[in-house]
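Below you'll find the structure, written out as structure tokens, and then a few comments.
A, B, C and D label the chains in the order they appear, each numbered from 1.
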Amino acid sequence: MHVIVDFTIVPIGVGVSLSGYVAACERILAESGLTCQLHANGTNVEGEWEAVFAAIRRCHETLHAMGVPRIHTDVKLGTRTDRAQTMADKLASIGKKLETNG
Amino acid sequence: MHVIVDFTIVPIGVGVSLSGYVAACERILAESGLTCQLHANGTNVEGEWEAVFAAIRRCHETLHAMGVPRIHTDVKLGTRTDRAQTMADKLASIGKKLETNG
Amino acid sequence: MHVIVDFTIVPIGVGVSLSGYVAACERILAESGLTCQLHANGTNVEGEWEAVFAAIRRCHETLHAMGVPRIHTDVKLGTRTDRAQTMADKLASIGKKLETNG
Amino acid sequence: MHVIVDFTIVPIGVGVSLSGYVAACERILAESGLTCQLHANGTNVEGEWEAVFAAIRRCHETLHAMGVPRIHTDVKLGTRTDRAQTMADKLASIGKKLETNG
């Protein structure tokens, strides 16, 4: 099952500077081979269900191994059976609507 | 890895009445043997990472098989390594604070 | 506009024990007169849009005043125009489906 | 209070094609004068608390006026008092960590 995910990880108990932990997760996602796109409030990830959730689990394991005692994560996920759709398709659909109905 | 999850599933493309789909997911979660607690905006689920995400995946598969063409799901998840904690523990901690600092 | 919200506040930079901060927010929500229900991963709140978001803002202001330097909050919110619906209605609908299609 | 938000709106009861509704919200956000960045699973918005939530409310009102009977929205929001931070700052911090610890 193909899934498009938005993933935000919030390390708790390691102070206010979180970018080093987010960068560690970016490397894990990049190594996973999944299509990823970082944005200001999380990372969009696209791929097969098992691969996506294995990567998210690896992020939790890695951050705990780096000394993060507690983690809060938000995942938004979308699946559809009516047609195949990528993250690029989603952005293209909205872009087309913005042009034509402007 | 033990995980506490809040899970909200939003079937898209099947009208505005969603309770039948939510009830189908409640049955899947109940059959999974995981500790679950339905609330007005989702369901709290607690257990081992793989079992929890397998149950969520089963909800997606089941709703698609029921004819839902598109699904949006929100998952909030917490893991911690400093101590074991259940959903009941979380509620008890807050309850204790409400009593003593009232 | 009537809104049903699920609200989860995550104080960052104050260690791993968060229940005191969650309890402070519970008191703010209780004083607001809004219908509220605490659960293991957040609080469900129901009321008029302005009152609900004013209460959430008050939670942020209060936690910052308590010394929390950074806050991450998740809000899920639902509005509908086809009919009036309360949080109790939502739970009752699912309950009825669980009984009849069991 | 300055807030950085990630906003995802899910119209319910109008079929599976949602891009026209998302485009309508993009126009509202653009007209609001707030700093916005669309991504594959939502839109990042930055500004003063009242202006940001007024824009989100306007999105709900507009979509209901377009005939959407039910809406589910996810908002992730961050505030901090230790220092001023923009969405561009967040991305720059992560980028710097990715370069130096690569």
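Of note:
Assume a residue touches a chain if its C-beta (ideal position, glycine included) is under 8 Å from a C-beta of that chain, and two chains touch if they have at least 3 such contacts.
Since the structure is predicted, the reported quantities are computational estimates derived from the model, not experimental observations.
The pairing of chain C with chain D is characterised as same-residue: of all residue numbers used at this interface, over half are used by both copies.
Interface comparison, B-C against A-C: more C-beta pairs in contact at B-C. Centre-to-centre, using mean CA coordinates, chain C is 19 Å away from chain D. Between the Cα centres of chain B and chain C there is a gap of 16 Å. With centres taken as mean Cα positions, chain C sits 25 Å from chain A.
Residue positions 13, 16, 69-70, 72, 74, 76, 78, 80, 82 of chain B each touch two or more of the other chains.
Within the complex formed with chain D, the chain C residues making contact are 1, 13, 49, 53, 57, 60-61, 64, 68-82.
Put simply, chain B touches chain D in their complex at residues 10, 12-13, 15-16, 18, 69-70, 72, 74. Residues of chain B touching chain C in their complex: 4-6, 8, 16, 19-20, 22-23, 26-27, 37-42, 44, 46, 74, 76, 78, 80, 82, 87-88, 90-91, 93-94, 96-98, 101-102.
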